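In the two complexes that follow, chain A is the common piece, with chain B as its partner first and chain C second.
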Partner chain A sequence: MNKFLLIGFFILFLVGAGACSAARATPLDMQVFSMIPLQHDGRVKPLESFARHMALRLTGTTSVQGRPAIDFLAEALFDPTRTAERPLFTIRNPEIKSLLGLPEEEKHFSLTVLLPGLQKEQKTIAAILARDDKSWSHTERALITLYETASDLRDLVKSLHFILPLRMPLPEFVRAELDIPASEADTYLDLKRYEEKISTFVRALPEEQVSDDLKLFILQLSLIEQSGDTEPFFRIMPPEWPLNQGQEWLSPWILINSGMGGPESAAYLDLWKDMAVAYRAQDTRAWQVATEAAYQKALSFKNSGVSPRRLVLETRYQQWNLLFYSFVLFGIATACGAAALSFPRVAVLRYLTAGALIPAVGLHATALCMRVMILERPPVSTLYESVLFVSLICVATALVFALFQKNKSFPLFLAAVSGVIFSFLSGYLAKDGDTLQVLVAVLNTNFWLATHVTVITAGYGLCVLTAMLAHGALLMKAFGKDVSGLTRKVWAPALISLLLTSVGTILGGVWADQSWGRFWGWDPKENGALLIVLWLVWVVHGKISGHLKETGFLVSVALLNVIVALAWFGVNLLSVGLHSYGFISGIAWGLGVFCTVEAVFVGVCGAVIKRKSYLSGVATCV
Partner chain B sequence: MRVNIFLLILVVAGTLAVTYVLNQPVRPTVQEVPVSTIQPVEAYPLAPDLLLTSVRKETFHLYDFKGKIILVNFWASWCVPCVIEFPQMLALAEKEPDRLVFLAVSVDASTENIERFIARLDDESRARLNLPNVHIIHDPDKKISQDVFQTVRYPETLVIGSDLTLREKIIGASEDFSSEEFRARLMEKFHE
Partner chain C sequence: MLKKLHKIGIRLARPDILFFCLPWLMVLLVVGTVAQRDLGLFRAEQLFFSSWVFWWGPLPLPGGALTLTLIFINLCAKFIFKSTWSWYKSGVILTHFGILLLFIGAIFTATTAEEGYMTIPEGWEKSVIQDYHKKGFYIFKNEQLIASYEISDLVEGQHIVLPDTPVSLHIRNVCQNCSFAPTPENQKAGKHGLAEKITLTARPLNPQNEANMAGITFDVKGAEEDENGFYASTEAAPHAIHISVKEDDYRLQVQREERPLPFTIRLIDFQRDFHPGTMMAKAYRSDIEVLDGEAHWPAHISMNHPLRYKGYTFFQSSFAQTPAGEATILAVVKNTGWLFPYIASIVIACGLLLHLAIRKGRSKYE
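Up next is the complex of A and B:
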């Protein structure tokens, strides 16, 4: 029966996963295309990751107008006019609309519509950018975000301009006169070879013979030439020349303009041109051949640092979206777990909780393992990753805890709730997009990441779990139940938490000594870690010495959550210190609410328990 | 109880003392920092074999020059830096008749432009054009410069090692090709 339920759950999950995949708008198979490497944000990644990053910047989601991000990227590169005309930008702020001369009643705008207004307001934008961003108003901030996003999209759609067919073809009489071979679709680069011939011919032409077609054609070439003078945005070309190997990748425009091209990059760019032709013709066969050839060519560059295994893995990581499904399953498990606690005699509810939790933990752990393999470092180097890791530690420990308990409902519920809370938190931290970031140099040390950070983060996880157990015990005690057994069970995880956080803090000091030349510097992060250790030492000693009775012990352990939150997230609000990997803005409000809720919960539970104890004392006396 | 308080004070004082000692500014560990980010190159890419025809109507393959350093210079008669560096390269070719080949690939639209360019050279340089290790190649459709080597701006010079591997691309007129330093570097690094 149990097995049957578990299998049923798996099937439901798989069906759900299939149904959630976004509908394709193109018949072209994007699988190989999505794995082609580029360098972005300091590391080599597949186009799939870049496409999602762009989509997130534009729309706040990983799809664009209901289409997968990779489809959008292909269109932006190979059919830029269509992308530029899509109403991708949502503007609700009437001040921005008025400033950019946009119609008041509309809220979706295309790049083509936006650019003239942004161009006109260059001085306003420059003046805002010259000021400290803390002094920006809400509208100014929104304008700068819009400007940056529009600039990114503009740079993206221009990336391959010179290998795309020209909108205005070379006039036939010029072609015939100069004996330029006929072509189905000339590109800027095709005609660049005849630049001298064409310009000599046009200069020699009498004014009255220079037709409008020819003028437009020349204007077009000049505009394309100018469009190459942009930031190196779409870095798909690994450096080919030995002296440049190991340096940053190049965008196609920079490659052409800087003279860094060579036989390999020429051949590679030809394959991009083949992809463009196939895409524009929506020729599935030609697209398949061109993308496969381009992918293989990209892998063949010497010393480019491209690992096909990591590219495939990262593409799958992005496409499978395992963390989302684990979040859904944690949610289901929480619902089932709550029901199991409410109806302890209905065994099916416990099985359902476990049935949802096991695949959820599996998916979560798989996602973390994939991240380890992609980044080749432990998964604890950013705040986002530490949340994922703590989540896994919490859920896994609660599951192990459940194994040794007669009443499994509570630990199962605890595992599910911690899974949901941390998944939600990680989703918030990941809202800016790519979470597979390159670390700052001092943190990019796998040995210390694997030891200090892993140990201290595991300590955080255990602390949170211990505190949640104490929450449960407090709540039960407030409802008048005997929790002496549960209180005893809080003791062991509290001691393990103390061990892990102490060892982690000392290891951190050793790392700091090696990296920064001092063991301890009263850095906010160091102080935070010490605070947890001191709190736990105080609680443990209080318990051993008998100064903390059952309720006092539980309250102190429950408040450990607040201490951990302050040490883990709170120090990031200070924006000082050497641990510059985790600064984030905008969490003050959330942290304040969390601490208040915790204080109220613990305070109310404590008060209720004390009142009951007082009343029972009175009753005994009477 | 008093003993406990005494021990507690002792532990706290000891901790503070240790922290104070350990927290004294010490010189950070000095680590070797690489001067550049260039990674060691395992192997140089092989130059493509090309069938070339000189303006003297001689036909040869690039690979025919194996064992010599090949200097492939992309130039045009209208490009001012090219006019400056062209005689320097001819002088270099004269100094290294056995170890270097100079392939001057002109991207001019017509051969007349090449002839006019040659006519403007000084007598010494013009005489060097007859050296057996100097070849002028006309590439009007840019089949070599653009299609193979992705050169669209001029001048650019490729250094192909004696083992026919692509060693260096010199962009613009940034080198004095007639200098002894350049010759020594070329021979030392690329002639094996």
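Up next is the complex of A and C:
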């Protein structure tokens, strides 16, 4: 039965690997468009990254209604009406539906349907926002998330309104009277230069000559103008003047309203207009020319600070999705590894495991290297990056361990399982949005990121691997196998873990001494790191002194996983202390489940081993 | 005698002490960390980590200081009486020595280090540091400190007599963390200064100790008729109370403890850089001038780049918007044991590496 389960598992992963491509919905080539830079969340990034960020906020995935995020972005910018009418928002909460006046029986809603309700409830939303977010109910939290997401999409769809053709054109008699060329009466931006002229003309018209068309046209211009008076959201305009010392990019609306544009900006906006025209006509050739020209123009701004190499690299990083493929390969390797453990004589299963693991590690390492080159900083700076790095350390060390073992199946399986678990975890953390983030002031130091953070996270990785080895040894011992050899093999990684975590912790202290003026401050994050060190010191000394026998030692090492999880993630849930940049929420439940499962596993194994040893003692006596 | 000492040393070096102390230290670490959510770091540290004994209901339990002392004694005894002085054990000995150094450094820091902060608005200069936690009620006579009381020692109903004067202060209210409300019009009679404008009432302590604003209210009796009455003083408002007795001026004020610096710091410029288009700080930097006697020179302090001078270290801690303009907040530390962790970390790393290398070499040989 077990064998069939394993095979089924294997097939599932293969199917999963094949089903990861999404069909394109537009014939336009988005490659160059996806590389056009914008400034968002404090750094310059390609549109591809921004599109994925928006898609994640809207749908929780990197695609929107089965279409790539970049296609969705292009549509939202150049054909906003269609996007606004797409049912992109999923609402299941009946209280929110009732509050916003939405039909009970539906669960997917468009922006145009949502906005009136949200505008009506502005006061309710403002009252919730004025309160501490810890006091929000589940429904209130969902309402605020919906409000913020809808606001972002609203800001996005109107960010290029002024270069799109007007729905209500300028009445012909006015155009003729004012001698405005037809080619310059197409968009709000075109008509902006005739604003004064049109206004004077309309004011001078007798009441009876002001037609409904003209009234609607004026209302339309006024609405577009009002919609532009918001926070800068879509910052695609590089700074043109050296006075902008903050190197802050501007949104087109802010550029127009503040008069901070110039000839370069005007030319760049014209290219965006060309893109809009080409997109709306779905003209492949024109689109290609316009996107290429816009990309080159964006790079030519003197003060933009854009690095074409990093733009291309980040676009590739997002599009290649190496971490997803490494996850799939880790999954395949796990299935093969489990099969190899079940059928130790079938050598091909071991080769298959290794065959899936090696490219998986390669892809994972490549993704990390790309991140280092894009962000120009060491590989670990955020919680997400620490998971990626620990994953790499775990898998790579297990592979090296396998090289020196006779029985390679077990370390290969460990490598694969750790790869799957950490890839899954990193995928969960990546749901918050862009993972290529800028850092707060105290973290802006490559020296300490490269030393303390790298060493301590490598220590976490080694701890996890050591604990997993102990899990295997405990399981085997519970099944009555002799694990004295394996127990000896746990010893060396436990010592290396102690070395890395203790040196990492002390380096953290030294960094704290440099930044905050004290080596040790009993801050939760510091205490977490110390807890791992103390646990390892206790285990090592307990083993040496004989207080911990084989089973006790293995149980203690296996529980190291719980200690690491608490120190790594648990302390961040407290939201106190100086390490505020690492605070997280929403994982308490998962962490609780993990610790419980670990405790139950270790407890059951320990109890079974104890019972067996008691029974064998009784048998010997008899 | 030596034999007896050796015997005691061997007993103190028993591994059981470490084996049972470490789990207790871990329990304290976990409880003290979780307690920070409600108690705040300062109080949790005082209760669990810095205490010798703390009470759990009626049960006295060993605190962090006692547990760490036991571990330190155990390690010392092990190092002196039970170390196997051989090449094979050299890594272990070196590691233990490094940990001893770390302990010694911690003892130095705990007994001698001074911590405080300076808030300096742009263009201002200061030569005093304020304590983060110690707050007192200070009495100055002609700007000379003549008496001081820790706020936590003051109690309602206490009488304080200004030395060599008939003037006495009758404490009406003491709050470790005050809330402030405007004094109602019909209650202003007989009140002076700050008390005329605001009323202090006690509120629960903030877990973050620095956020607690201490204050007291008191009656002044025996002074000039127009100076007798009800007064209030709080660290939140820089309004000192002045009472004249004959030719002397008495200044009364609640404030954080101040310690003089042997030199002066002047803030020339404070800069905050943000990641473009966000409110996320990228860097903080204070351009200062150090004035020591006749000499003065410029210096810069930024995140991760402190200034060290005459045993004091100045760190970029925070910033504030004060009535005098943008101000930098510098953490100031005087710690004679600051080098210990640096040396200890190198020794521990070398010791562990040496131990692993020797083990590896030996297992290969075997």
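Here is the rule we go by: the second predicted complex is superposed on the first by the 599 of 622 C-alpha atoms of A that agree within 3 Å, B and C clash if a C-alpha of one lies under 4 Å from a C-alpha of the other, contacts with A are read in each partner's own complex, and residues count from 1 in each chain.
The rule is short, and it goes like this: a contact is a pair of C-beta atoms (placed from the backbone, for glycine too) under 8 Å apart; a residue touches a chain by one contact, two chains touch by 3 or more.
The structure presented is a predicted model; accordingly, all values stated were derived computationally and were not measured.
Visitor: Mind checking the superposed model to see whether chain B and chain C fit together on chain A or clash?
Guide: clash
Visitor: Just to be sure I read the superposition right, which of the two partners does A:530 touch: chain B = first, chain C = second, or both, or neither?
Guide: second
Visitor: Tell me the contact category for A:596 with respect to chain B and chain C: first, second, both or neither.
Guide: The answer is neither, since A:596 touches no partner chain.
Visitor: After lining up the shared chain so the two structures overlap, which partner does A:61 touch, if you call chain B first and chain C second: first, second, both or neither?
Guide: In the superposition, A:61 touches no partner, neither chain B nor chain C.
Visitor: Have a look at where A:282 lands relative to chain B and chain C in the superposition and call it first, second, both or neither.
Guide: Touch status of A:282: no partner.
Visitor: Who does A:247 touch here: chain B (first), chain C (second), both, or neither?
Guide: both
Visitor: By the touch definition at the top of the document, which applies to A:119: first (chain B), second (chain C), both, or neither?
Guide: neither
Visitor: In the superposed arrangement, does A:519 touch chain B (first), chain C (second), both or neither?
Guide: So A:519 meets both chain B and chain C here.
Visitor: May I ask you to decide whether A:507 touches chain B, chain C, both, or neither, giving the answer as first, second, both or neither?
Guide: Second partner only, chain C.
Visitor: Report for A:81: first if it touches chain B alone, second if chain C alone, otherwise both or neither.
Guide: So A:81 meets neither chain B nor chain C here.
Visitor: Hey, is it chain B or chain C that touches more of chain A?
Guide: C
Visitor: So which chain C segment collides with chain B once the two are superposed: 4-12, 58-66, 148-156 or 274-282?
Guide: Clashing stretch: 4-12.
Visitor: What part of chain A is shared between its chain B contacts and its chain C contacts?
Guide: On chain A, the residues that contact chain B in one structure and chain C in the other are 246-247, 514-521.
Visitor: Quick one: in the complex, what on chain B touches chain A?
Guide: 19, 22-23, 25-29, 37-39, 41-45, 47-48, 76, 78, 107-109, 141-142, 146-153, 156, 166-169, 171-172
Visitor: Across the complex, what residues on chain A touch chain B?
Guide: 189, 192-194, 196-197, 200, 240-247, 255-266, 269, 302-303, 514-521
Visitor: Within the complex, which stretch of chain C touches chain A?
Guide: Contact set of chain C toward chain A: 15-16, 18-19, 22-23, 25-26, 29-30, 32-34, 36-37, 40-41, 44-45, 49, 102, 105-106, 109, 113, 115, 207, 274-278, 280-284, 303-306, 313, 315, 317, 331-333, 335, 338, 341-342, 344-345, 348-349, 352-353, 355-356, 359.
Visitor: How about chain A: which of its residues touch chain C in the complex?
Guide: 39-43, 232, 235, 246-249, 438, 440-442, 444-445, 448, 492, 495-496, 498-499, 502-503, 506-507, 509-511, 513-524, 527-528, 530-531, 534-535, 537-538, 541-542, 544-545, 547, 566, 571, 574-577
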